[in-house]
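When the chains are written out, they are named A, B and C in that same order, and each has its own residue count from 1.
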Amino acid sequence: MIDFNLLAEHREAILAGVWMTVKMSAGGISLGLLLGLALHGLRQLGGPWLVPLYHAYVALFRGTPLLVQLFLVFYGGPYIGLEWSAERVGLVGLALYGAAYFAEIFRAGREAIPRGQIESARDLGLSPGQTFRVVLWPQMLARCLAPLVGQTVILVKESSVLSIITVAELTNVAMTIATQSYSMLEPYAVLALAYWAIAIVVAATGARLERHFTQYQCR
Amino acid sequence: MKALRSLFAPLLLGALLPLHAATAHADLLADIKQRGEIVIATEARYAPFEMLENGKIVGYGKDILDEIMKELPGVTLKQLDVPFQGILPGLSSQRFDFVATSLTITQARTESFAFTVPFATASVAVLKRKGDERIASAGDLVGKVVGSQSGAPQIEVLKAYENEVLKPQHGAGVKEIKAFMDYNEAYAALASRRVDAVVQSLPNLAPLVKERADVFEIVQPPFGPATYYAWAGRKDADSASLVQFFSDGIARLNQSGKLAELQRKWFGFEMPVPADQVPAPAN
Amino acid sequence: MFDFTAVIPHLPQLLVGLASTLLVSLSAIALGLVLGWAICLGLTGHRAWLCRVCAVYVSFFRGTPLLVQLILVFYALPAVGISLPPLAAAVLALTLNSAAFQGEILRSGFQMLPKGQLEAARDLGLSPLQTLLHVQIPQVLRSMLPALTNETIDIIKNSALVSAVAVHELMRTAQTLASTTYRPIEFFAVAGLLYLLVTLCTGRLGSWLESRLRTA
């Protein structure tokens, strides 16, 4: 039923598409994690400006489709002098979008830690920096890992939206093959399997990391 | 297959009425008359051929379709608006009975699908930003970034032109061909200076430059070979009578002058097309 | 350069699209919750094979793009004799997708419940069904509410993909209007604002419910 010749014929394009998806997601997600951590840090600093600003950022980037964000920046950007390449718009767009989700995951992880611990740490004479590094961070990491991994998988899949701004990632390649070969089964089977494989690898890596970082919680 | 069907069908169909079961057809046209419904796919983002107005599909193509559907009394038209990437693959997988969306007649497509006689020319022209003096004719595309739709035949026309005219005469081709998922994105990219020009069929460009005369301009005349727009069905024996039915309908409208009248209505000009046969594809 | 007044005459159409977006996504959320419970029960139950099946289901629907799932439901099911109308296909695909996410959310909710509660409930003479209805479900619902709110927001945004199977929701309406007016930036910006409005309201509603349940 599946025409393997079709896949063989487009093998190079498909592999290039997979590589582009991996590159874009890895770059966008790493950048998004750093940005999410920074956002979380800014929110923790508090103050009359930063907290509402943080909430506005999260509402804006989580509350609108990535497709709309990328479209406006890529096709609208040049009007205000922002002439980034499609790849750069895609990478930064994915990072800004992911950061909103990551920051909220860090916030939830932080809020689950009892306040008394921070007070005890202060009483023990730890500086705020030390408190974060020794007391908060290991616990946050342990709590946040599972949702971070889940979000990473979602973002890898969302990177398919980059096709609308001409980034030749996997979905773009598959749809082009579908248009040219008038067949949907093969290109979409490739899409399903490739994304699923990436998701399984990410989840397995996440599970290993989780075991590593939650060791101290076992008794 | 049978076992799967008997397992899943009651589960899923209990609450939801099926559109139609994809059983083996002896004759699709007879089958359509019998079930009283025809499922047609259209990509309604291709003004002025097919577009949406107040949630309904309208346009030159829709007017032709309505005229022809008069010949099928008692059959309801179920017209689905499907993204272009799903149109032909969906036809192959029997999701639709017929495709009434403007398709350029190409060599590759005639190998897999049966075309009707054409109803419009699809000759390709260059679209540029208004007042861009670097491009005065198609020959000036040398060294430029040109946009089009991914998988569109207009790209093939441009590539052929590049190999047969640009490279021999000017020693170089275009700088880059950017394929967008949709022509509307290509227009947006042209307006925002991401590409220097867009290649698209002339009739599609007419309403665009009319609506946004402040932004776009057509570089006349069209370049490349004469190509035509038509509709298509599956190439199997079951579909033959259905494709013939639509083809005859278009030919009748062409001969009676109705087609020319609709062309004036939607494009503002007439474009004579062959009524007696499907023209041989140029590429 | 940009002319947002061009959008005004088409606002009613955009709102119709928005209504369709809400219809599709809210039906999917509600149906997905029901199916999600079933999956959660399978995942936490004692039958190993059922647990395995549910785990593969969750992995597949969380691991593959929604677009692929939509295409499968709309274009591949006819090959086995099932041909759903576009709206039903869209709701079915979104429901199957959301059920995987909601099943996981519910499972983690159940796992957080202290084991002692079950024993305490039994000692008080509650039947297993009573324990589920009066002790476990209220707690799980309360603890999953923030995650459920986020899932609703995600589904509302993801429903933009159902245009691939010929359903006219907000995104597709904006795209088609952009293609007849040739003003894509304006229509995409307004569509973005409408999504923002709806997701903000959803978020608010979620927080309000959370505070209600906390005091109850």
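By our rule, a residue touches a chain if its C-beta (ideal position, glycine included) is under 8 Å from a C-beta of that chain, and two chains touch if they have at least 3 such contacts.
All values derive from a computational prediction rather than experimental measurement.
Trainee: Report which of A-B and B-C is connected by more C-beta pairs in contact.
Mentor: Result: the pair with more contacts is B-C.
Trainee: Hey, which chain ends up farthest from chain A, C-alpha centres compared?
Mentor: B
Trainee: Which integer distance in Å separates the CA centroid of chain A from that of chain C?
Mentor: Each chain's C-alpha centroid was found; their separation is 20 Å.
Trainee: Distance from the CA centroid of chain B to that of chain C, rounded to the nearest Å?
Mentor: Taking the average C-alpha coordinate of chain B and of chain C, the gap between them is 35 Å.
Trainee: Could you check chain B for residues that touch two or more other chains and list them?
Mentor: Residue numbers touching two or more other chains: 86, 89-90, 93, 185, 188.
Trainee: Which residue numbers or ranges of chain C touch two or more of the other chains?
Mentor: Each of 71, 75-76, 184-185 in chain C touches at least two other chains.
Trainee: Could you pull out the residues of chain A that touch at least 2 other chains?
Mentor: Correct list: 75-76, 79, 184-185.
Trainee: Please name which positions on chain A make contact with chain B in the complex.
Mentor: Touching chain B: residues 74-79, 83, 163-164, 166, 172, 175-176, 178-185 of chain A.
Trainee: What residues of chain C sit close enough to touch chain B in their complex?
Mentor: 13, 16, 71, 74-86, 88, 92, 163-166, 168, 172-173, 175-185
Trainee: Contact residues on chain B for chain A in the complex?
Mentor: Interface residues on the chain B side: 84-86, 88-93, 108-109, 112-113, 150-151, 178-181, 185, 188-189, 191-194.
Trainee: Touching chain C in the complex: which residues of chain A?
Mentor: 59-60, 62-69, 71-72, 75-76, 79, 108, 150, 153-154, 157, 160, 171, 184-185, 188, 191-192, 195-196, 198-200, 203
Trainee: For chain B, which residues count as touching chain C in their complex?
Mentor: That would be residues 1, 4-5, 8-9, 12-13, 16-23, 41, 44-47, 51-55, 80-83, 86, 89-90, 93-95, 182-185, 187-188, 208, 211-212, 215 of chain B.
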